[in-house]
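Report on one structure; see the data block that follows.
Letters A, B, C and D mark the chains as written, and numbering starts fresh at 1 in each.
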Amino acid sequence: MIDMEISSEQRQIVDSVQNLLADALPYDRFVPRPTPVPNADRAVFTQFGELGVFGLGLAEASGGVGYSLVEEVLVARECGRFLVSPAVVATMIGVHVAHFAGDRSHAEAMMRGGTPVAPALAFAPAATHFAGKYHLADAEGAEWALLWSEGGLALAHRDSWHGAQNMDSIDSTLTLTRVAVKDIMPPLRVPAANGLWRRAQLLVSAYLTGLAEAALDDSVGYAKVREQFQQPIGAFQAVKHRCADMLTRASVAWNSTIFAALTDQAEGPDADFQAIAAKILASDAAFRNAAVNIQNHGAYGFTGEHHAHLFVKRAHFLDRFGGDATYQKRRMLAANAPSSDAERSSPVDGLAG
Amino acid sequence: MIDMEISSEQRQIVDSVQNLLADALPYDRFVPRPTPVPNADRAVFTQFGELGVFGLGLAEASGGVGYSLVEEVLVARECGRFLVSPAVVATMIGVHVAHFAGDRSHAEAMMRGGTPVAPALAFAPAATHFAGKYHLADAEGAEWALLWSEGGLALAHRDSWHGAQNMDSIDSTLTLTRVAVKDIMPPLRVPAANGLWRRAQLLVSAYLTGLAEAALDDSVGYAKVREQFQQPIGAFQAVKHRCADMLTRASVAWNSTIFAALTDQAEGPDADFQAIAAKILASDAAFRNAAVNIQNHGAYGFTGEHHAHLFVKRAHFLDRFGGDATYQKRRMLAANAPSSDAERSSPVDGLAG
Amino acid sequence: MQIEFTSEEMAFRAEARCWLRANVPAGERPIHSDRALDIREFDLEWQRKQFEAGWAGISWPSEYGGRGVSLIEQLIWHEEYARAGAPRAGSCFVGLSHAGPTLIARGTPEQQAFHLPRILRGDTVWCQGFSEPGAGSDLAALGTRAEIDGDELVVNGAKIWTSYAAIADYQELLCRTEAGSRKHSGISWVICPMDTPGIELRPILTMVGPNDFHFCQVFYNDVRIPLANVVGEVNDGWNVANATLGFERGTGFVADQIQNSELVERLIAMARGRCGLDGLSPAIDDGDFASRLAMSRAEMAGVRAMTYATVSRAANANPGPEGSLVKLFFSEASQRLRRLGVDLLGPEALELSSDAGLTTPYLRSYAASIGGGTSDVQRNIIAERVLGLPRAPRP
Amino acid sequence: MQIEFTSEEMAFRAEARCWLRANVPAGERPIHSDRALDIREFDLEWQRKQFEAGWAGISWPSEYGGRGVSLIEQLIWHEEYARAGAPRAGSCFVGLSHAGPTLIARGTPEQQAFHLPRILRGDTVWCQGFSEPGAGSDLAALGTRAEIDGDELVVNGAKIWTSYAAIADYQELLCRTEAGSRKHSGISWVICPMDTPGIELRPILTMVGPNDFHFCQVFYNDVRIPLANVVGEVNDGWNVANATLGFERGTGFVADQIQNSELVERLIAMARGRCGLDGLSPAIDDGDFASRLAMSRAEMAGVRAMTYATVSRAANANPGPEGSLVKLFFSEASQRLRRLGVDLLGPEALELSSDAGLTTPYLRSYAASIGGGTSDVQRNIIAERVLGLPRAPRP
């Protein structure tokens, strides 16, 4: 069974999320104002909660909706497309961390969307513990921060954020806060060996893929209507070929992400390998498509009046969440190849080897 | 005085070399034959000698023509354009090595073109001596090999080539011979500190630039006449823009090479820096233009019936001569920057700092 | 969504793996074209061996003698095929993947009965006659003409880039049967016996090596072919040629993809084992090699995900222009990988036949973005047919 | 061929260096546009300082009050200027590099006598009014119209991407004075006082930061400008605008180039000093940073060589389309370099105002391949005007 097509049930989930986002969080919420206005996306987190976004992949017995990682990936991709605060991704993951750590009440509060979780971007993602310096993204109003290092994933309550300092953010729609965490091993945590980091990695990859896809859509839409030299710019081969390359990258990113998610679901021996590859490809697609999209828009793309720049800036945030491309490439080389000899020598394998 | 334009006297030198090459060594000497035919370029080396190619940059008092490195660079560039055996470059350099080593009679024999010098591509260019394994390019009929390492430059007589072994060459128009050299310090040598290595580096860069330029010319010529979909392919923006990028790279390569040569002539403190930069840029231009030229020709470019592939293959040889791009990048980082504080603090400098 | 193999599929994999490991030819496939007959014999023998064991025509329906397995089993087969180091189909490729499937789709019972068994059991070699000198990416500019003279076609013209023309028994030949027709109309798809008088071959040297005459130019001088050799309707050849486009629905290049994945692993091992420039630390610590290796590893994982997605989509719909995405990405990623291989290899890369065996395929990789539709053509297809961008103005 | 400075040139360098080191403003140039008047005052004060010391109008002929030095000395000046860390000309740029030179080339004695001294001595700020909404790369699609009404022009329309419009005294304004004219004909070049009634500004936020209103859109609603403000002939504005195209003959961006060269050096030092991912070895040992740094170092050396070549060529001939080569290469190499900077910086790159000061210019670098003619436009110019490739078919 190789089924990478979105089922009709999954399509319904995607549609309902898209409807909510198109309604509550359209791009024009980023219309520039004289003074920077951070996003107010957390105002709709309770609506997300009601829709089941935050408990999507948690078993019903645990209070969740009972779908899987795959459905979470589909939702995270839409969040990337709509440039939703990455706190949405951190909250989705946070629910699992709280659940695994046995804290049902906090898990439930997060699922309701009442206690947003801010992504914590580690200054040193290669550390095997959690103490250290972090950047929190969109932490205003957040109750928790999601720490992520080679030690695994952990939730740090806002009371444990030391020396919080607001910095000018590269993305003025996301606040940026420097904090120090002193707990080597916070109580609510999941060790890396558990594999939850893969879920986190794939939600981040899905968000990055959403950025890459939305940048493509933005370019294609513009190329069809914007005229130069009496023809739509999409008729120029240079623009046309750039759009084709954007689709290629977005398609590679998406298929790698969903393939990795399905591998994780099937407990394939190459789940780590695929999750790392997906992040590298999704991050590359997001950065490059975002830059090309600005170029395709010309001077307009360079303004703050259009949202093209936000795809670039969000890519910088998400790239760092869980460790940036430099770090991921190092992990890619350290991972075990999918077609290892061990797998080969087994006459029958559970997953395509 | 900033004069990077070719003077009328220099133009005459270039013209006479071009005339000889167009006459004696046209591209159609590479018409494919059922069995590989190495080039017979050395047959015209005595004509090169008569024209003064090999003694061009040596002082008249030393038996040379009395021009400078700049004129040698101009000639090496033409040799690259015409895909002349790289032994021509090695022989040009060999004359200087023999001269500096005080061996006038060998220098004179080389100048006459009677004793070709084969380029020796070191397996370990970072060695500070000369013993080791080398590939000789086009060594059949050569009297000497030009060794090149961080120890400097040296001439190894063919009697000192140990265990010579002919290998199948990536470029069937150039024989490839593995040899071992046992002399740590051969008698005819010039230490690196002398700076002659820069001259060698710039002749190689000029040859690589010639490859990049000839690949461009080949593409532009083809794009103007080859029709697809009822128009010359040069009207397609994809082809057009690739050609523009080819010219940009070739232009950067050429200007960097000649700038480095002039800096060397003026004994600028940044002569090393510029010579390394020139090699990196020229090598990059040669490889990329050669590959794009094949692409621009479509299936025809992939054949051995057209000479497009030889630009790629020559680029591999020349890239390795004096150390490949990986090695040059390392040296680039180790070099002193042109605008060092030392230079800045001097109120007046002899060369643009 | 799910990727999990059924027990039947797992059993199929086990069976395929087991048989392949035991039966893959031990010797190297000849590559130089001065040994063309050796190549023919090698390829046909390997095909016969597969036929005898029931593996021939893995993608063919069983009613035509094929193995008749599902698309997923075909994917599994190609994966195992590549991992077992089985030789490429070579001169049997056109018969198995183009000509045979076309006959299945559009041939008469007589054409099928004669040709299909011969292809499957390794009796005949086919070649392709689509591209023409001067036509390049513009296939509709086809100019080889065939006049109908009684019950024969009289063919005049030339084809180019025909692989294995010198050892083929038959050719799938596209020619213009309606004088004055333009573009895609008036073309017929014809079975051309290669021993017909009037056919002449000119081998074309590739850039790969001094004996690599992989392609031929084929000249037709009053070549008389029975009208009964037309497949499908006369003048409907364009549709006939396209009948097989989606035949293998994305699995056609799985073996190549697996080979490239294995190449990445080999290069990583090589970079760990070889010394870098300083002669001390491994090459993987050197410059940008680590980064390029990691990127290639990720890219090849991406290619595999793309292929699985294609196979998944093919279960529900006919393959569309999306195939161009895989082709574009795979060909360019392969070229990066092949270049990385020779860069890592260093000095030995200048040796065409070095033990590492990286130089020849590196040179061959220059064709990846040209053959089967150039990358420019793929980008045009993606932009115009997938994204719906306007076609460029035509003069 | 030669690159060796004369003793006069060396003396000039010494003098420029000495004066610049002593006089470059100590404070940072304001950057946020909510401090627009501070910016104006800062720029004009620095211009006045240069004027008083005799350095104003380095590229202007001495008969018009400029320094009147040779092209090579201009190059030297810009090199020393950048190395001394002197602030960019900012709001004085258009007056010094476009409007002033245009008046020198085509202005009446009265226009020259009034405006040139004011520009030089730092009294007036000029802005540009060439680009229009919707016109983009297609400058000939200019639609702002000016009707002649007695001895006045009545201007209606809109311009866009006008830097410093809010603090400028004058604008060099291109408008269509011949109704119904197309492309490059029927356009006039007009001195537009920015305090004329009917002019309205809309600041445009850039992607660089929340207060970076670098550009304005400028609306003209029955703006009455004396006909005497037309520079050159009425309807000859396209030629007037192009009169200055080659004015600085390649030296216009020398300071930017030097700044980028210095940035490479700073990044190399930073990569040597900062720890990489493992917290132990320096970042320069990490992944592909070393390779990217080396390449950027070489590329910036290449840019400098290109500029020297341009200056050298300008001594003999008017600058041609070759300027596009430098622009194309420099803008893309700068973007690679700026991206490398934030990659090396790592976490702090997310901070717009971090001490390293790398993020803001990184964001600004996205404009490098757009402003002053997109990279696509540069490639078209190179292909069509330098290489002579056919123009694409126009509908």
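Operating definition for what follows: a residue touches a chain if its C-beta (ideal position, glycine included) is under 8 Å from a C-beta of that chain, and two chains touch if they have at least 3 such contacts.
Computed from a predicted structure; not experimentally measured.
> I want to compare two interfaces, A-D and A-B. Which one has more contacting C-beta pairs?
Between A-D and A-B, the larger count of C-beta pairs in contact belongs to A-D.
> Taking each chain's centre as the mean of its Cα atoms, which chain lies farthest from chain C?
D
> Centre to centre, by mean C-alpha position, how many angstrom separate chain A and chain D?
Their C-alpha centroids are separated by 39 Å.
> Just curious, how far off is chain D from chain C if you go by their C-alpha centres, in Å?
Comparing mean C-alpha positions, chain D is 53 Å from chain C.
> What is the distance in Å between the mean C-alpha positions of chain A and chain B?
Here chain A and chain B have centroids separated by 50 Å.
> In whole angstrom, what separates the CA-based centres of chain A and chain C?
The mean C-alpha positions of chain A and chain C differ by 38 Å.
> Note the residues in chain B that touch 2 or more other chains, in rising order.
In chain B, the residues touching two or more other chains are 231, 236-239, 241, 326, 329-330.
> Touching at least two other chains at once: which residues of chain C meet that condition?
As it turns out, chain C has residues touching two or more other chains at 287-288, 290-291, 376, 379, 392-395.
> Which residues of chain D touch chain B once you look at their complex with the stated criterion?
On the chain D side, the touching residues are 1-6, 9-11, 13-14, 17-18, 72, 75-76, 79, 83, 258, 261-262, 265, 268, 284, 290-291, 293-295, 297-299, 301-306, 308-309, 311-313, 315-316, 322, 325, 328-329, 376, 378-380, 382-384, 386-393.
> What does chain A use to touch chain C in their complex?
It is residues 1-7, 10, 70, 220, 223-224, 231-232, 234-237, 239-241, 243-245, 247-248, 251-253, 255-256, 258-260, 262-263, 265-266, 268, 273-274, 276-278, 280-281, 326, 328-330, 332-333, 337-339, 344, 347-353 of chain A that touch chain C.
> Give the list of chain C residues in touch with chain B in this complex.
So the residues of chain C in touch with chain B come to 34, 131, 136-138, 160-161, 204-212, 215, 277-279, 286-289, 342-343, 346-347, 349-354, 359, 363, 366-367, 369-371, 374-376, 379, 392, 394-395.
> Under the touch definition given earlier, write down the residues of chain B that touch chain A in their complex.
236-238, 241
> Report the residues of chain B in contact with chain C in the complex, numbered from low to high.
Where chain B meets chain C, its residues are 32, 34-36, 121, 123-126, 133, 135, 167-170, 172, 176, 226, 228-231, 236, 238-239, 291, 294-295, 298-299, 301-305, 308-309, 312, 316-317, 320, 324-327, 329-330.
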